[in-house]
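Okay, here's the structure, questions in a sec.
Per-chain residue numbering starts at 1, and chain names A, B, C, D, E, F and G are given in the order in which the chains are listed.
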Amino acid sequence: MTEKRPFDVLNTALNNSVLIRLKGGLEVRGNMISYDIHMNLVLDGAEELQNGEVKRKLGTLLLRGDNIVFISPA
Amino acid sequence: MTEKRPFDVLNTALNNSVLIRLKGGLEVRGNMISYDIHMNLVLDGAEELQNGEVKRKLGTLLLRGDNIVFISPA
Amino acid sequence: MTEKRPFDVLNTALNNSVLIRLKGGLEVRGNMISYDIHMNLVLDGAEELQNGEVKRKLGTLLLRGDNIVFISPA
Amino acid sequence: MTEKRPFDVLNTALNNSVLIRLKGGLEVRGNMISYDIHMNLVLDGAEELQNGEVKRKLGTLLLRGDNIVFISPA
Amino acid sequence: MTEKRPFDVLNTALNNSVLIRLKGGLEVRGNMISYDIHMNLVLDGAEELQNGEVKRKLGTLLLRGDNIVFISPA
Amino acid sequence: MTEKRPFDVLNTALNNSVLIRLKGGLEVRGNMISYDIHMNLVLDGAEELQNGEVKRKLGTLLLRGDNIVFISPA
Amino acid sequence: MTEKRPFDVLNTALNNSVLIRLKGGLEVRGNMISYDIHMNLVLDGAEELQNGEVKRKLGTLLLRGDNIVFISPA
């Protein structure tokens, strides 16, 4: 696997499940259906996680990019 | 459902109920009646939530975009 | 009620009482007599609140916009 | 009293006593002798306050504007 | 060993294992497969560490550069 | 004493002792030997203070301006 | 000793040992082998310190400038 640029990971992950860690420690998982240059992104079927367990179902979610720590294609 | 860009979610959510999570953990819910390019947005009939329960009624609310973690159309 | 842009709320609230929540949790209430494009704003007859009770009278107050979480016309 | 712009408050407060609240909760009081467009400002005869009591005399003080929460002409 | 510019370290570390410390104290280790000018970077085979022990396997990871404290080629 | 602009205080304090308070509460004192437009500055014979007592001698110190809360000519 | 500009300290410290304090309180020491205009810098033979004692050896380290509180040539 070779990635040319970090954002290529976002493109590859489109319409697939991703795990997102946010500043402050919150983690959410969902299907990524869009993103922009600021790393703002939209998840579908999003769930808030706590220690890997589903804590709350959130549905569609617009996440601000500047609050993201990492994004991991699941 | 296909979204072209993250901000499309805001446009779709206009005049509908949204759940907003803010940095620091505060959550508010209300009817989104406007937003701008910085994600500043106005809620009508806004309520502050605590563990999903209404803690305080706030009426009209102008929220600064740079304090937002996520926005979820309810 | 229809608002075109978030800042319209500030214009409508001019010379009226507003509740302001700041980062860190501080809340102040007062009569908003001016604002600028950065959301810096001036309150007259401002009071610091704690759990909705007046904790301290502060008189005229210049608030930096980048420290504001939300503004609610009272 | 009518203020055209938030910074007019700074101009009016020049050479007068002001109370400043900083991020992190620190409060200082002193005679404001200059300010600039970033809200950097200089106090003369500045005192650090704790619960309204003088905790420490600091003399002349250059305060960075980006650390200011509010400024209140005393 | 002489490095001309800080980013040369990133170039040298490409396709090698790196240890990353993030704001808030989180540490991850993985094989760095891309980076950009903002220090956004992608790790492959990433693991979250706690006191040097593997706490969680994360696989591919896109890390936002503005959340990074340091990067150490392992 | 009249100061035209906040940075005039820095110019006046050059080659004199200053007390610096940093975000997070750290305080250092030393002889200021240079500064730039970002308020980055260099202290000579710098000491870290705790409750006004010398905690540690640090010698020459380059301080990032964006971490400074206030500067007080001693 | 006269320094014209704060960054002159970095130039003088090149290829010498420096002590770095980071936001959040972490301190590292090492041989500085490069820096750039953002104060991003590379240390060789870096060690993480705790109360002045070596806590961990980190080897080569790329530090983001925006996380630095101060730099002290050792």
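By our rule, a residue touches a chain if its C-beta (ideal position, glycine included) is under 8 Å from a C-beta of that chain, and two chains touch if they have at least 3 such contacts.
All values derive from a computational prediction rather than experimental measurement.
*Asks:* Could you give the fewest steps needed to travel from chain A to chain D through chains in contact?
*Replies:* 3
*Asks:* What chains do chain A and chain E have as common neighbours?
*Replies:* A chain counts here if it touches both chain A and chain E, and no chain qualifies.
*Asks:* Same residues or different residues where chain B meets chain C? The copies count as same if more than half of the interface numbers are shared.
*Replies:* Different, since most residue numbers here occur in only one copy.
*Asks:* If you average the CA atoms of chain C and of chain E, how many Å lie between those two points?
*Replies:* 42
*Asks:* Centre to centre, by mean C-alpha position, how many angstrom separate chain F and chain G?
*Replies:* 19
*Asks:* What whole-Å value do you get for the distance between chain A and chain G if each is reduced to the mean of its CA atoms?
*Replies:* The computed centroid separation for chain A versus chain G comes out at 34 Å.
*Asks:* Quick check on chain C: which residues sit in contact with 2+ other chains?
*Replies:* 23, 66
*Asks:* Take chain B as the starting point, go toward chain C, and spell out the full loop of chains.
*Replies:* B, C, D, F, G, E, A
*Asks:* So in the complex, the part of chain E that touches chain G is made up of which residues?
*Replies:* Counting only chain E, the residues touching chain G are 1-10, 19, 21, 23-25, 39, 65-66, 68-73.
*Asks:* Could you please specify the touching residues of chain A with respect to chain B in the complex?
*Replies:* My answer: residues 22-24, 26, 28, 33-36, 40-42, 44, 46, 58-64, 66-67.
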